[in-house]
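Multiple structures are listed underneath, in structure tokens.
Both of the next two complexes hold chain A, though its partner changes from chain B to chain C.
Now for the complex of A and B:
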């Protein structure tokens, strides 16, 4: 398996800069040619809700920014299934091509990563 | 490729709101003592506060600033600070000799994030986050 960097995004989109920090790190890593994979876990799964009205708090939608990830060669985007269930969310596949993983799949995703950053 | 096993550290917490920076410094000394090489320490998120030239503590407290400086000078460890994250948090670097403003401590260097990630192409380098 190719060596890959796993970035784990664990924060809700607008409570702190963590979500944007994770996204910018992923883009920078991909930009230098690292195989970069992104996992949304814990409150990070809220970033994938399509109905974000960020403009009402003076921000730009993180969902829209995430939608551009495939254009930057970030095509492995994963979501922690138990985190979705724990929050009773109904996430639908929209512009972001993510894949839902169960607990064991996430363990092997983490185990096989060459490097990991958590935001 | 680096012959010796080596580490790149990623510090993402500010110096006095958590023990992460102190732990990172302790890790560096232990690793160097054990024969490992510290390729770089990279500061991101509120970790950029480690690079403020204005950090000052009481004389009976741990000075993280002095400890980073000592690590840098004794072992030639580069201290890189993410320029975007730093600017966002009021840590500025501009060429003072050309009339610019700077409050980045002199042992730190303002760089882009690619500085950290490019080093990870060498798979003998292990990245660790504090």
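Now for the complex of A and C:
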């Protein structure tokens, strides 16, 4: 397996800078040629809700920004399945091509990463 | 008492939600607690700031059906002015 950077995004989208910091770190890493993978875990899964109307609080939709990740060569996007279940969310694939992982798959993803950044 | 909840840490609410006189306003990340709180608290004591609710992406949940009150920022300020005392949970 190729060496890759794993970025784990664990915060809801708008009321702290953590979600956007994770996204910007992923874009920056990809921009310098690193194989970058993104995992949404814990409250980070809220970023994948497709009906966000962020303009009501003066933000731009992070969902729309995440939709552009494949254009920046970030094509490995994962979601922690237990985090979705714990929040009783109904997430659909929509515009972001993510893959749901179980606990063991996430452990493997983390174990095989060269570096990990958690936001 | 008016309890303003800005965090989705459910544990931080537990000491307060059994008070039958409490009114709860969910703001910012606090709106993510609504699906859980609606199971525990009568809907007429729950208020959600509409702008934060719409931004959250949870708007597929029909609040009208649940009889939860969506409020504007102006209504929230009025509630804060009308209540004594006010407790704000941010984490």
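Just so we're on the same page, the second predicted complex is superposed on the first by the 119 of 119 C-alpha atoms of A that agree within 3 Å, B and C clash if a C-alpha of one lies under 4 Å from a C-alpha of the other, contacts with A are read in each partner's own complex, and residues count from 1 in each chain.
We adopt the following convention: a residue touches a chain if its C-beta (ideal position, glycine included) is under 8 Å from a C-beta of that chain, and two chains touch if they have at least 3 such contacts.
Quick caveat, the model's predicted, so the values are computed rather than measured.
A.B. asks: State whether A:56 touches chain B only (first), chain C only (second), both chains, or neither.
C.D. replies: second
A.B. asks: Mind working out whether A:71 is in touch with chain B, chain C, both or neither, as first, second, both or neither?
C.D. replies: Touch partners of A:71: none, neither chain B nor chain C.
A.B. asks: Mind working out whether A:18 is in touch with chain B, chain C, both or neither, as first, second, both or neither?
C.D. replies: In the superposition, A:18 contacts chain B only.
A.B. asks: After the superposition on A, what does A:43 contact: first (chain B), second (chain C), both or neither?
C.D. replies: Only chain C is touched by A:43; chain B is not.
A.B. asks: Would you please give the residues of chain A that touch chain B in one complex and also touch chain C in the other complex?
C.D. replies: Overlap of chain B and chain C footprints on chain A: empty.
A.B. asks: Spell out the part of chain B that touches chain A in their complex, as residue ranges.
C.D. replies: Listed in rising order, the residues are 10, 12, 44-45, 84-85, 88, 112-114, 117-118, 120-121, 123, 126-127, 129.
A.B. asks: What residues on chain C touch chain A, complex-wise?
C.D. replies: Going by the criterion above, the answer is residues 6, 8, 28-29, 32, 35, 50-52, 54-60.
A.B. asks: If you look only at chain A, which of its residues touch chain C in the complex?
C.D. replies: For this pair, the touching residues of chain A are 12-16, 43, 46, 49-54, 56-57, 59, 63, 87-88, 90.
A.B. asks: Touching chain B in the complex: which residues of chain A?
C.D. replies: 3, 5, 17-18, 21, 24-25, 28-29, 31-34, 114-119
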